[in-house]
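Just below is one structure, and these are the notes that go with it.
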Amino acid sequence: MTQLATRDLTIRFGGHVAVDAVTCTFEPGTLTAIVGPNGAGKTTFFNLISGQLKADSGTVTLGGRDLSRASASQRTRAGLGRAFQLTNLFPRLTVLENVRLAVQATRPGTHRRGLNLWSVWSDHGELMARADAILDAVAMKARENELVANLPHGDQRKLEVALLMALEPQVYMFDEPTAGMNHAEAPVILDLIRKLKQDRSKTILLVEHKMDVVRELADRIVVLHNGALVADGAPAEVIASPIVQEAYLGVAKEAA
Amino acid sequence: MLRHLLSNDYPRSRVLAAILVLLFLGLAFQPFLIPGIKALNVAAKILVFIVLVASFDLLLGYTGIVSFAHTMFFGIGAYGVAIASTRMGAGWSAILLGTAVALVLSFALALAIGLFSLRVRAIFFSMITLAFAAAFQTLASQLSDFTGGEDGLTFRMPEVLSPGFTLSETPVLGLTLDGRIVCYYLLFATCVLLFLALLRIVNSPFGRVLQAIRENEFRAEAIGYRVVVYRTLSSILSALFATLAGAMLAIWLRYNGPDTTLSFEIMLDVLLIVVIGGMGTIYGAAIGAGLFLVAQSYLQDLLRLASGAVADLPWLAALLSPDRWLLWLGLLFVLSVYYFPTGVVGRLRALRAAGPLRTPPPAAAGPAASDPTKSLQGDYVENN
Amino acid sequence: MSPGNVIPAQAGIARQRSQDALDPRLRGDDGGNLLTLEGVHTHIAAYHILHGVDLAVPRGQLTMLLGRNGAGKTTTLRTIMGLWRASAGRITFAGEDITAATTPHIAARGIAYVPENMGIFADLTVKENMLLAARGVRHAKQMDEKRLQWIFSLFPAVEKFWNHPAGKLSGGQKQMLAVARAIVEPRELLIIDEPSKGLAPAIINNMIEAFAQLKASGVTILLVEQNINFAKRLGDTVAVMDNGVVVHAGAMQALAQDEELQHSLLGLAL
Amino acid sequence: MNYKDLDWKPLALVPVLALLVFPFIGSASTWLTLTIAGLAMGMIVFIIASGLTLVFGLMDVLNFGHGVFIALGAFVATSVLGAMGDYTNSASLWRNMLAVLPAMVVAMLVAGAVGLAFERFIVRPVYGNHLKQILITMGGMIIGEELIKVIWGPLQIPLPLPEGMRGTLLLGEAAVEKYRLIAVAVGVVVFAALLWTLTRTKIGLLIRAGVQDREMVEALGYRIRVLFVGVFVVGSGLAGLGGVMWGLYQQNVVPQMGAQVNVLIFIVLIIGGLGSTTGALVGALLVGLMANYTGFLVPKAALFSNILLMMAILLWRPQGVYALSK
Amino acid sequence: QAKEIRIAHVYSRTGPLEAYGKQTQTGLLMGLDYATGGTMTVAGRKIVLIEKDDQGKPDLGKSLLASAYSDDKADLAIGPTSSGVALAMLPVAEEYRKILLVEPAVADSITGDRWNKYIFRTGRNSSQDAISNAVAMDKPGTLVATLAQDYAFGRDGVKAFKDALKNAKIVHEEYLPQTTTDFTAGIQRIVDKMKDLPGRKAIEVIWAGGTPPFNALAAQNLKQRYGIDVFTGGNILPAMASYKQFPGMEGATYYYFGIPKNPVNEAMVATHYKQFKAPPDFFTAGGFSAAMAIVTALKKTNGETNADKLIPAMEGMSFDTPKGKMTFRKEDHQAMQSMYHFRIKVDPAFAWGVPELVREIKPEEMQVPIRNKR
């Protein structure tokens, strides 16, 4: 059973405690939404888990293995995958190359392909097939030879998700996957997440401000406020809690 | 077959392919085409610079590392052969041993630099390498017992490679096949081999990871690649190839000194060639080296003609004086950055891709970035 | 607190809330429109992006610009600001033809613009970011205290991180700063590209409140926005774009009530 | 840049270094000679580096062609001073000043004017791209150097120090060259002026903002282009001033002099943290002191003293002593 | 009409030594003109001068010389400006079995261990410089500190200087980086060594190119403060501007236009004034001398350019130059000449410190070592 757990995870920026002793466990087979006001520390919390930032104190463990000292790349190879709030791809490589890079990055053995100097990149049939399959899944096969820089915003977001899928991690972390996205585009990404949810061995974390999305997808909601974990539980009851109503939703003004 | 030789990285432009074939044939038959020592020297220098510049392209164009210390490795290679040949006397063993020792030294230095590069910002790193290269040059002239100091080393090559040796008494196609020609073809073969090797490396899975790091180091680390390892490896590889280029130069010149391989001027030439040819294309190295070295070698002759033609305009004649050839080279520098931001190769490939005025694809976002150097700005990547 | 009082009234701007004659093509040039675009074409490099945009922004009203991804909304705003050049057509602001004017000139005429990417100066502190937007003053101390307090009350993060580098703010905090910067001084027209993205619901409410107050004080607002609440609660006028042209223009109310029209234009329900 | 909570450690480096070497040198007068000369040398280096640090710090332009403006300033000074023999041959410092000041002003104006063209034709197309800046400004440097040769000839030209500025002042046994004291005064003025403009006026802010997002600054209603040109012109002018100071110090000028000081300037900037004015000052002073101390104690190491100093500083602070918030 | 005589001049038309190279070229042209009486022909054969720009780069010099000998069919070559280039060029002359007349590169090893029989030199070598300077200052009881650049040239110069000193005593050798700009530390070290010593004290400066330390030495008032004199050799005129600060400074030089009294020099100075409105400089004399050597030799062989003929003709050959009479030594083909012990006078009419002749040092007085192996 590979569960992700944080223990007393803390980081300060100057005097400001951005993540404050967060202890939390995430079980496979559940989608946990993390909500909280702007600047609550959600992205920072992700950064601490995936290793983009090093915690001042506290631990991150995956399946009992302590990853607190591991680098970002080590954590990814250990099974922690994430997509970013702002799109963060390889702009002047093609769509296919982007995915293919992710495919060979983490699975046992394939990482070494990155160190293979003496074969032609496109000759690795099995890896190419896998990349193709993933592009198919996100309906981007048709654009596989385009440079990512030339893709529209929505497709770039989809590619973010595709990269995450290519990593085949134990834990998927999405940071506002639909931000700035049109009503026509958002459902495509949400569908992908929904599909992922069906695999019961995967743990999914989702940061999202759109409450309707959260309500629909989340099995559990964790609320961060000023860096601290202030609420944790089933969606309905968390949303109803006064702290969420006041600090987050703004005195229940938003009823949508 | 061709696919394998070229590692599935075709020129992707008919004009480009034609130029490359011409260049290849030109170099292959140079001794028979244009007689004379000068032309042969220029051709040999092109061969050396193709390897040198391609190795630098691996670092700059593919990995996005701007280093001014690349000539250091070039120098190490040349000094390796030079010192060994001076101490051990002319011979193949001197060449081999000198090259081997140089490779080991380059390996160690590149490793150190590669690891160091991670501590500092990209732009910082390049300025530090500038200072480093200067210090290394000083060091080379200080250790005059080994390196011959400022005066450099003059040495001999094995008999077969020396002008005194003749392969056949009867001239072939009007050319006496002496040791010089043998030496030229040794260089030619080495150049082709190393060039194809570099082409293979940049088109391997490893090469793609390097490009990913160039594009977005932060994300490369995030999807599981240890950027340190790849960057260091790339530094080392490019250093080793530069070392081999240095050895080639020493074999050809039978001379080496600090100004010949270590000077900043050579670094500038290399940079300019990469830019002219097109960064991140390897083919650009070959085309750039050809264009640039021919221009450089014959610029003064050209100016002599030009200034003669305008002799009655003293003012213009002063500018066109062959002594001011650097002025025009500088102008070439500026203009090529201006008008060939993606180099000859980039231009030719874009030409093929660009049709008439197009309406955009349904929702292509962002400017069509085609400038590999852009990522050098990415010292700070947003990690939200 | 009654923010309406702290916003200095804009002298000379007629308040006008008429709902009639909203189709710009039916109107005379400046008959109550602060900003008009007539047949604007824009090319970016070799791409032809805008194919004759007609748009009117009535004074004192909030105009919503809608459309699917890549429809050309951002390009329209950038063309108004002079960041792209219109290759044909005419743009007038308050009676002046600004089609060929430079960006600084257009901005100085009284337009505040928040770009899609927020345009935060990451290396500068929040205070310095705000100071730059306050064009009339040289030092932070000279900034309008009352107005600042009002902004702080809307966007607490701006006050909290006053002396921090803006680049370190969270995604939503940056968005707040971007909007705060646009309203630090009174302007005639606010142009904002997707103000609510990445904001928590509570802050979105604040922002809606802010726009309502600004509008009440006579400011004209042009918004590109996907958030339904904005559209419903604030929009007076609406224009829908597709493929580089405005395909529908009219009263918000009319669109909100016409489900069929919504579906055909936007593929969504309001 | 927040100067309220000023980071004092780098500033303390200078006196700490001076005090640390004292026991090794032993003689107080020798120590004093070396220290004062080193600090003054640092000031001269600061002047020639100030323009570059300004242009880099504000505009993020790495101008490898900076040296050309230094050389240009020096060559202009040879022409101006050459025409004012009456004033330079006088032993009165005041009369000398009447020659040197115009030389400085003219050098700054000429360098500034050329800077204007340089910005327009060389730098403008490459704002925001360091590698291209490096390449294109190097091209500019080559062109500039060659043009200087076309105008003034390739020969070395003497630039004798005016009579009244020669010689030394004796502080007991310690000798201090008069000219170095003048350089310190000029350096202090330049430093103060820069610091004031950058921290006390909105111009500094605007330009830093313009570097990050030029369009946004324009959308706020500022004419950023004018400001950029202005900064570049001032930076070039400062280089011209530096050229006059350096030329008078060397008492001769060669067209290559700009290229010769390039590496030194870069080292100073790296130590200081690219773009920080105070950092450049600290870096320059350290370089000046270090050169004299190692030159005295271990002359062999003097060749590498700058590099060693740079390495040591970078091990302590990888971004230089005052890293800009990047 | 006999075949023309093709002479290649490989020198730094551009590059760091551009100024020197151009003087040589000027002198060479004037010299050829003078030596052939304006006809540019020797023994009925026309002299054609081919110019090559080595840009101060040894590798380039090497290939230019090869291309001159082979592509341009040059019969013999002159040059280059820099020692580094010269050393790289030496084997080429041997390879093509053609004469290379070195002028003005100074390194001892050119006519020393790197020499081959095709190499002649009209330029003075470092040893001649150092030894003549030693002779100029060598008085019993003098305590000497040397100040030189820290590389092969500087160290060799000091060594030759030391070896030639008979009476004076070296108390300190100071080596500074080639590119030193701040001399405070170096001078301070010398001062600390010397200030408390009794007797006549002198600093011998051996410095080539870059920024020489004279201004720094002058600023320190060493004479008044500690009774230390400064000595050095000659240089090009712009560099001698800083000598103005040392009235009375002594040293030895191989040429200054006002010193040698002979018809050749008078002719050269006159022509130069006529052409350029300025006196000939340091390297002009060298170029002129090279021309004189070649024409003299060609006259001896009656226009024959084959090295087998030229070498015996030139060995031991004497010829007139602006520097005075010169003679190629048989052993190492180095041309020997008188050196001139000078003292600096300040004359407001000149922009530089004017060296006045103290004494001519004849070649016989200087034991310039022969360092080559035949």
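Labels for the chains are A, B, C, D and E, by order of writing; each one numbers its residues from 1.
Note that in this section contacts are C-beta pairs under 8 Å (C-beta built on N, C-alpha and C of every residue); 3 or more make two chains touch, one makes a residue touch a chain.
Just so it is clear, the structure is predicted and the values come from calculations on it, not from any experiment.
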Checklist outcome for this item: Outermost chain relative to chain B, judged by CA means, is C
Checklist entry - If you count the C-beta pairs in contact for each pair of chains, which pair comes out on top? => result A-B
Checklist outcome for this item: chain B and chain E have mean C-alpha positions lying a whole-number Å distance apart equal to 38
Next on the checklist: Measuring centre to centre with CA averages, how many angstrom lie between chain B and chain C?
Outcome noted: 52
Checklist entry - Using CA atom averages as chain centres, what separation in Å is found between chain C and chain D? => result 46
Checklist outcome for this item: Residues of chain E that touch two or more other chains sit at 14, 18, 150, 177
Item to check | Per-residue multi-chain contacts in chain C, two or more chains | outcome: 69-70, 122, 167, 170-171
Next on the checklist: If I count partner chains per residue in chain A, which residues reach a count of at least 2?
Outcome noted: 43, 85-86, 152-154
Checklist outcome for this item: Per the touch rule above, chain B residues touching chain A in the complex are 4, 7-8, 200-201, 203-209, 211-212, 215-216, 218-227, 229-230, 233, 237, 361-370, 372, 375, 381-384
Checklist entry - For chain E, which residues are in contact with chain B within the complex? => result 13-14, 18, 53, 56-59, 62-64, 66-67, 70-71, 83-84, 87-88, 90-91, 95, 107, 109, 114, 150-153, 177
Next on the checklist: Using the touch definition from the top, list the residues of chain B that touch chain D in their complex.
Outcome noted: 60, 66, 119-124, 126-128, 130-132, 134-135, 138-139, 142, 268, 271-272, 275, 318-319, 323-324, 326-327, 329-334, 337-338, 341, 371, 373-374, 376-377, 379-380
Checklist entry - In their shared complex, at which residues does chain C touch chain A? => result 68-70, 116, 157, 168-173, 175-176, 194, 197-206, 226, 228-229, 266-268
Next on the checklist: Show me the residue ranges of chain C that touch chain D in the complex, using the header's touch definition.
Outcome noted: 81, 83, 102-104, 107-108, 113, 115, 119-125, 128-129, 131-133, 135, 138, 163, 165, 167
